[in-house]
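One chain, chain A, links the two complexes that follow: it is found with chain B in the first and with chain C in the second.
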Partner chain A sequence: MNGGMITAQSSTSIGQTSFLFYITLIISISAIVLLIIFYYISTQKTILKEKAESMGYESPNEMVRDKLAGKPRLLSWNVFLYDDSKSIALRYLLASMVFFFIAGSFGLGMRLSLTNPNPHLLTPDEYNVLLSEHAILMIYMFALGAAFFLGYYLLPSHLKLKRDVMGGYASVAFWIWLFGGIFILVSRTATRWYYYPPLALELAEYGGGVFNWLAVIGLEMVFVGVVINCIIIIKLIASERSKDIKLSEMSLFTWAMLFTVVMTISSAPTLMVGLGMLFYDFFNPIFFTAASHQVLLFTIMFWFWGHPIVYIAIIPAFGLIYEIIPKFTGKPIYSYNSGIIGLGLLLILSELVWGHHLMNSGLGVAWDIFFGTTSFLVVIPSAITVFNWIASLWSADRIRLTTPMLFVINGIIDFIIGGTMGVILSAAPANDFLHGTYFVTGHFHFIFLGLTVGITFAGIYMLFPTLTGGRKYDVRLARWHFYLTALGSAVMAGAWGIGGFMGMPRATAGYFARFQPYQDVSIAGGIIIAIAQLIFLYNLAKSYTKQPSISMDNVLENNPTSPEIPVTTPAPTPPDINITGGAK
Partner chain B sequence: MNKKQIELAWIIAVLVILLSWGAINIVWIGDVHNSIATENNHVSANNSSNVQLIKVQGTQWSWTFTNSSGVSTTDAFNVTVNKTVELVVTSVPGEYIAVIHDLLIPQMGIQIYAVPGQNNTIEFTPTHTGVFFFECVEYCGELHYEMRGYMTVVK
Partner chain C sequence: MGNKTGIVMALAILVIVGFSVALALDVPIKPQFIPSPVPSSGPEHVVNVTLWADASGWDFNHGTVNPNIVVPPDTLIKFTVIEEDGEPHTLTIAPGAKETSFSTTVLPTSAITCIIGHKSYGSIYITSPGEYTYWCTVHPLTMVGHIYCNTTAKIGKPAPKYKFVNNVSMNLQNNVLIYNGMKYPSLYIPVSTYLNMSVNDSTLENYSIYFNPGSGINMTGETMLINQTNTSSYGGYYFVNPGVYTYWNMDNTSKYGLIYVYTNMVNQTLYADVAGWNYSSNMSYGPVNPTLTFSQYTLVNFTIIDEDNLTHSIIINPGVSENTSYTALAKVTKAHPTTSFLYFFSETGNYTYWDGYHPSTSVGLITITNSTPAGSFTIGTQNIQNHTYNGMRSFITLRDVEGLIPEP
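Moving on to the complex of A and B:
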C-alpha cells in the first residue's frame, strides 16, 4: 500500500519534470524561430531601405508604392516587408487562411468526439477548449481577417487610390491583431466566445480556463487592431478616393465595406470597455460578481457587440456577391440603389436586435417585445438584398456557372435557409424552446458556411490568377471543393437544425442518447466539409507546381460595379470560365 | 403583370407576412412572458392555492429542485398534471462558484436563465402526464452537458 503510494508520487514528479522540459523546449524553439524571422525581415528591410535611398526616395514605402502602383499584386512573402494596402491585404489572406484551418480542425475534433453520447475522444475540458477556440478564432481571425483581406485588396483598385499613406498604421494594426489571435490560441480559453462572467473569472480548467486572462488580453488586442483598420478603411473611402469616383458611383463592395467598418467602430467600444472591466475583476471582483447583482451587465455589453459582429462577418460577403454576379451574367446588378439601401438599412437595424440573445434572462417584457419586433424588421433589408440578387440572376440571359458563381448561388440559397431559421427564432414562442439548442447553431452555420466561408472562397478563386502570378487552378478539383463544401455544410447545419428543434442542446461535450441520429448525420457532414478543404489545399499545391500561363489582370479588381456603366464581359477572366456548358 | 407590379406584389406579400407575425409575437409576449423576471409578481403571491411553487437552484453542475413542502431533489422533480407550476430560478455557488445557467424544458416550451444574485420566475401548466427531459443550455464549464434530467408529471 505504502510502496504503491510512493511510486505514484514519484511518477507524478517525473511527469511534472518532463512537462516542464517540454514547455521549455517549445518556448526555446519558438524563440529561435521568431529570432530567425525577425533577423530575416530586418535584413530585408535594410536592403530595401538602401535601395530606396540609392534611387532617391526618402523611405522604402514610397518606392514600393511607386513601383507597385496600378500593377497586379501577387502573393509572396515580401508582403511582410511592404506596407502598402495590397500587401497588408495579402498578410490578412495568409493569416486568416492559417486560422481557418486551425479553427476548422478544432471543429472537426469536436464532431469526432461526439460520435458517442458520452465524451470519448476528448475529455469535457478539452472539448470545451476546442468549442471556445473554434468560435473565437473563426469569427475574429478568419471572418474579420478575410474581410480585411478583401477590403484592403479591392478598395485601392475600386477607388482608384492616388495616395496610400496609412500603411504604417495598417501594418501595426495587423501585428496587434495577429498577436492577439495567437494569445487567444495559446491561452486554452474555455469560456466559449461569450466570455460570460462569473464563468470567465473562474481561472481553472473546469471553469473559464487557467489562462483565460490571456484570452481577455488577446481579444482586447484583436479589437485594437480591428478598430485601427476600420478607421483606415473609412479614411481610404472618405478622403483618399480618386476625384473621378463620386460617392453615388462607388462600387457596391465599397459601400458594403463602408457599412461594415462603421458598424464595427460603433459597436465594438462597449465590449472593449466590458473586457477592461472583466480584466479588472480578475484582481478585484467588483463588477460582474453575484454580490454586485450586475452579472447580466456584461452579457448586455457583450451582445451589443456580439450581434453586430455576425453582420460584420457577412456584409463584406454581401458586397462581394454584388461584384461577382455581373461578371458572370454580363448584365449590371438589377438595382444599384436598392443594393445600397438594403445594406444601409441592415447597418441601422442590425444594431437594434442584439437583445434577442437575452430573452428569458429576466430582463422583462418590454425588453422581449422591443427586441422581438426589431428582429422581425431586420428581415426587411435582408430580403431587399436577396431579392436584388435573385432579380439580377432572373433577368440575366445567360449565367456562366463557374466555380465562384456556384459558390455565390449556394451562398444565396444557404442565406435564405439560414435567414428563415433566424426569423423563426425571432418569434418569442419559438425562441423559448429553440434558444440554446443546436437550432441556433444550424441557423448560424448555414449563413457562416454559405456566405462568409463560401464567398471568401469565391473571391479567392476569382483572384487566383492574380495572386499566383498567372497560374490556373484545376477546375475539376475546384468543383469538387465546391460541391463537397456545399453538401457537407447543408448536411451538417440541416441535421443541427432538426435536432435542435427536437431539443438538442448546443455547446455540450455529451448528449442524451436520443439525439444520436442527428449528431451522427452532422458528423458525416463535418467530415465531408473537412475532405473538401483538403481538396482545396491539394489544388493549391498542384497549381504551385505549374508554370504561369495566363494574364494577371483581374476582373474583380478592375471592373467594379457602378450604377451607370453596364458591365460588358471583359477579356481577363478566371480560368474556368470557358469550361462549363454555359460558356461562350 | 409587368415588372413594377411583380416587385410591388413581392414587397407587399413579404411585409404582410412579417408584420402579422410581429403583431402576433407582441400579443403573445404580453400574455405569457408577463411572469418572467420580477420578484413581486409571482402567481403564487396572488393565488397560492392552485400553484405548485418550486425553487430551482442551478449550480456547477447540477439542478436542485425544492418543492413547497421543503423536499429537495437533484436533476429530477415531480409535478401534478393540470396544475400551474411556478419555478423560481437562481444560481448558487456549489462546490465552486455561482455562474450563469439556463433551464430549458423543450416539451413545455419554456426556458429561463439562472442568474447569480437574481430570482427569475416562470410558470407553465403541464397538460399531459409522462416524463419530460430538461437540460442546461447556457455553457457553464466542465460538466455543463451533465446538467440535465427528467421532470415527471403525475396525476
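Moving on to the complex of A and C:
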C-alpha cells in the first residue's frame, strides 16, 4: 500500500467521523430538549394528580374540568396538559394561528414571485408547492381550527354544560388533526387542494410532489380529527346541554356550530373514502386511472365535500357575527328565527351545489343547469342572513364602532361583494370563461378574508382580556390591524376580480405581461395584509409587556344572545370601552 | 403563567413561519433516469420508430399492439408518436422490465396533444444492453411495451457521420440569444458541419429556435433546431448546402442572426494607398487594383494594411461601379494601420471594392464564379475571432474541430 492510498483513506474517514459527530450532536441536543419537555410535563401531571387525590377526585382531568368549568381560561402552555373543552379550544387557537401565519407567508411568497410575468423569485415547482400548501393549510388548519376554537371555547358557556366529559376524545382528535397538518406541510405537496388524480398519483416535483402520499395520509388524519370533533360537538349540544336552555333558546352561534358539524359529518365521508382509494392507487392503480375511465369520479367525490367545506369555513363566522352585533348595538338580533332558517337552508343547499365546480368537466348540460339553479338558490339563505344583520344594524339606536364591530361590518360588505361574484360564477355560460381565472380567486378571497379571517380576529379581540388574563390590547394598533387587513384584502381580491374578468389565468407561476397592472395591485394588497398581521402579532406581544389591569370577563361568554332575554340595561361593556374608560 | 407568554408565542410563530417557508422552498426532487447524451460525433445507429398513441395500447389499430423495439447499443431511437384517439398520452421510458418512477418522459402530455393525427417527435439514446420499458403514464395498464437493447440486433442504418462538428452555446435573455454580450452573433461554419446549438435558459423563458435559408426570417421554409421549451436545451442540424441561413426565436421574431455556410475560406491582403490598392513604388505587392476572383460561397478574410499613413476605408458593393449607398466595412488610419474583416460571397457576379476616401484611384473588381474551388481549404487553429467595427459585430465559431470524421 502506498502513501497516497493511506492519505485518501484517512481523509475519507475524517469526513465520516465529522458527519457522525454532527449527527450525534444533533440527536443529543434533541434528546435533551425532549427530556426537559417530558420532565416538565410529567412533573406537572404528578402535581396535578396529587392535588386531585387530595381533593378527592379520581383523575386529574376530572378535577381540571370541574374546577375550571365556567371560568375564564387563559392562553398558556398548560392547555396542552388539560383536556377540558376550553383548553382544547385554546390548543386549536394556538395551532390555527401558527398555521395562519405559515400559510399566509406562503401566500405572500406567491405574490412577491408574481412581480414579474416570468417566474423569477420562485421556480414553478416552488410556486406550486406554496400554492397547494397555502390552500390546504388555510382551509383545514386555519379555518377549521379557528371554527373548533370558537366552538369549544364558547359552547360550554352558551350551553351551560352539565358535564364536560369528552375531553379525552377531543384531545386525541386534536393531536391527530395537528399531526395531519404537519404531515401535509412536510410533504410539500404540489397537487393543489383538490388532490386530483392522475396529477396526485405522479410522485414527482412536476406532478403532485415527491411526498404527496404523505399529504394524502395527512389529509385523512385531518379528516379523522375533524369528524371526531364534530361528533363531540353534536354530543355537547344534544345531550350535555343544560336543561335551562331549550332548543329554541340556543344562541345563534350554537345553531351555526350545529349546522357546521352536521354539514361536515354528512359530506366528509365521500372524500375520506376517495382519499383511501387514491392512496391505494399509489400501489395498484385501479380506481382513478384514465385507463379505468373514472378520473372524473374523484373530482365528484372531492367536490361533494369540497363545496360544503367552503360553508363549514364561514358558517361559524356567520354565527359569531350574530353574537357580536347585539353587543355593540344594545339590541337583540333583528330576527332570531330567520337567522336559524338562513343557516339551516345553507346546510341543505351546501350539499346540492357541488357540481358548479365541475361545470367545465363534462357532467352534461342538464347537470350544469341543475347545479346552476341550486347555486342561484343559495342567494336566498345568504340574503336572509345578510338582511338580518343589516336590519339589526339599521334598528340600532347607536352602533359602537369598536375593532370587533369594524371587522363585522367589513365582513358583511366583503361577503356581499364576494357573494355577488359567486352568483356571477354560478351561471354556466359565464363559468365557462371565468372558471380558470383569478375571478374565482377574488371571489373566495373576498369571503374568506372578510368572514373567516376577519370574524376570527373579531372574536379574538372580544376574548382578548380573557385569553391574556386581564390584559388590554392597544386599540390604535388594533385599528391599524383592521384598516390594513380590510384595505389589503379589498385591494388584492378586487384586483384579482377585475383581472380575472379580463381573463387572467389563476394558479400559474407566471402570467401574460398584459395582466401586469392587476398583478401589481394585488401584490400591493397582499403586502398590506401581511403588514397588518405583523401588527397583530406585535400588539399581542406588546400587551404582555404590561401587568394585567382589567377584568377577565368577556361579553361573548357571559351573555349568550337569546331572544327571551330582554336587554333592559345598557349593552354590556365590551373590552374596547374598558380600555379607553379606565380599568376596574 | 409567565408574564411573557404572549411575547414568546408571537416570537414562536415568527420562528415557525421562517422554518416552514425554508422547508416549503426546499422542493424535493424525484431521482430521474437521465439517458446518456448523444456524443458530438453523432450516434452509432439511428432507428426511426412510429407509434400510434391509443388508450387501448400502442399501435392498437396498426399491426402488433405494444410492439417490442429491438436495437443495438449506442442507438438513437427517434420516435414519431401519432395521436390516435384524442386522449392525453405520454411516452415515458425507464430501464428495466417494469414501469418505475426512475424514468424519463420523452414526450409529455403537452407534446402529444389531443388532436387526432397530430405527430410529435422525441428521441432517446440507448447505450447499454438490457431491457427497457416504454409506456404511457396516463394509461399504464394498456399502453406498455418493451425495448430490448442487445449487441446482436441488426436493425437501423448508420447515422450520417459529420465532417465537422461545431458546438455553440448561447444565453437566452429577454427572448434574445446572446453570446459573450453579442446579440445574435453571425455564425461562420464550413459546409458539411453539424451545428450543435445549446441554449442556456437561466431565466426559464419560453423559446423555440428555428432557422431558414436566406437572409431574414421566412416562416414558410423554416426548420426547427430546438422545440418549444422553457429550460436549457440543445438541438442541431447538419448543414450540407452552402449559403446564408437565418436563425431566430419563434417567441421573439423582432431580432435574428445569420449563419454563413461557406465552401472555401481565403485570406486576402490588400494594401491601402492613395494611388490605388496594392500600389507600391517597387511593385512588390503585385498589380495595382487587382481583379480578385473567388468561387461562390467563399468566405474571404480581408486584411487591410495602411500603406501611406493616410485614412482609408473599404466598401464592397455588387455591380461593376461604385455605389455610394453602401457603407464602409472597415477603416484604417495612421493610429490603427491594420484591420481585418470577413465577407461572404453568396451570389455569383461582379462586385466592386473601393476606397471611400479615394474613390477615383483606389477601385477594383471582384468576380465571383460558380466553379468549384480547387483543393481543400484549411480550418486554421484560430478559435474565436471577435471583430468590431462601427457597431457591426461578427463572430466565427471554428471550435471543436477535432471531431474530423470522414464522410461516408
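Simple rule for what comes next: the second predicted complex is superposed on the first by the 527 of 584 C-alpha atoms of A that agree within 3 Å, B and C clash if a C-alpha of one lies under 4 Å from a C-alpha of the other, contacts with A are read in each partner's own complex, and residues count from 1 in each chain.
The criterion applied here is as follows: a residue touches a chain if its C-beta (ideal position, glycine included) is under 8 Å from a C-beta of that chain, and two chains touch if they have at least 3 such contacts.
Quick caveat: nothing in here was measured; it's all calculated off a predicted structure.
In the three-chain model built by superposing on chain A, chain B clashes with chain C. When the two complexes are overlaid on their common chain A, residue A:D368 makes contact with chain B while staying clear of chain C. By the touch criterion defined above, A:D432 lies against chain B but remains apart from chain C after alignment on the C-alpha atoms of chain A.
When the shared chain is aligned, no partner comes close enough to touch A:V33: not chain B, not chain C. Residue contacts after overlaying the shared chain place A:L247 against neither chain B nor chain C.
Looking at the shared chain after the overlay, A:E205 reaches both chain B and chain C. In the superposed model, A:A238 lies in contact with neither chain B nor chain C. Once the two complexes are overlaid on the shared chain, A:L130 sits against chain C while remaining clear of chain B.
None of the stretches 2-10, 56-64 or 74-82 of chain B clash with chain C in the superposition except 56-64. On chain A, the surface patch touched by chain B in one complex and by chain C in the other comprises residues 119, 124-125, 190, 198, 202, 204-205, 289-291.
Residues 74-78, 94, 97-98, 101-102, 105-106, 109, 118-120, 122-126, 129-130, 133, 185-186, 188, 190, 198, 202-205, 209-211, 285, 289-291, 468-469, 471, 537-538, 540-541, 543-545, 547 of chain A touch chain C in their complex. Of all residues in chain A, only 119, 124-125, 128, 131, 190, 192, 194, 196, 198-199, 201-202, 204-208, 289-293, 295-296, 299, 360-365, 368-369, 372-373, 376-377, 379-380, 383, 387, 423, 426-429, 432-433, 435-437, 502-503, 505-512, 514 touch chain B in the complex they form. Partner chain A is touched in their complex by these residues of chain C: 1, 3-7, 9-14, 16-17, 20-21, 23-30, 32, 55, 87-88, 101, 137-142, 203-205. Of all residues in chain B, those touching chain A in their complex are 10, 14-15, 18-19, 21-22, 24-26, 28-30, 32-34, 36-38, 60, 91, 93, 96-100, 102, 104, 106-107, 109-113, 115-118, 120, 122, 133, 135-146, 148.
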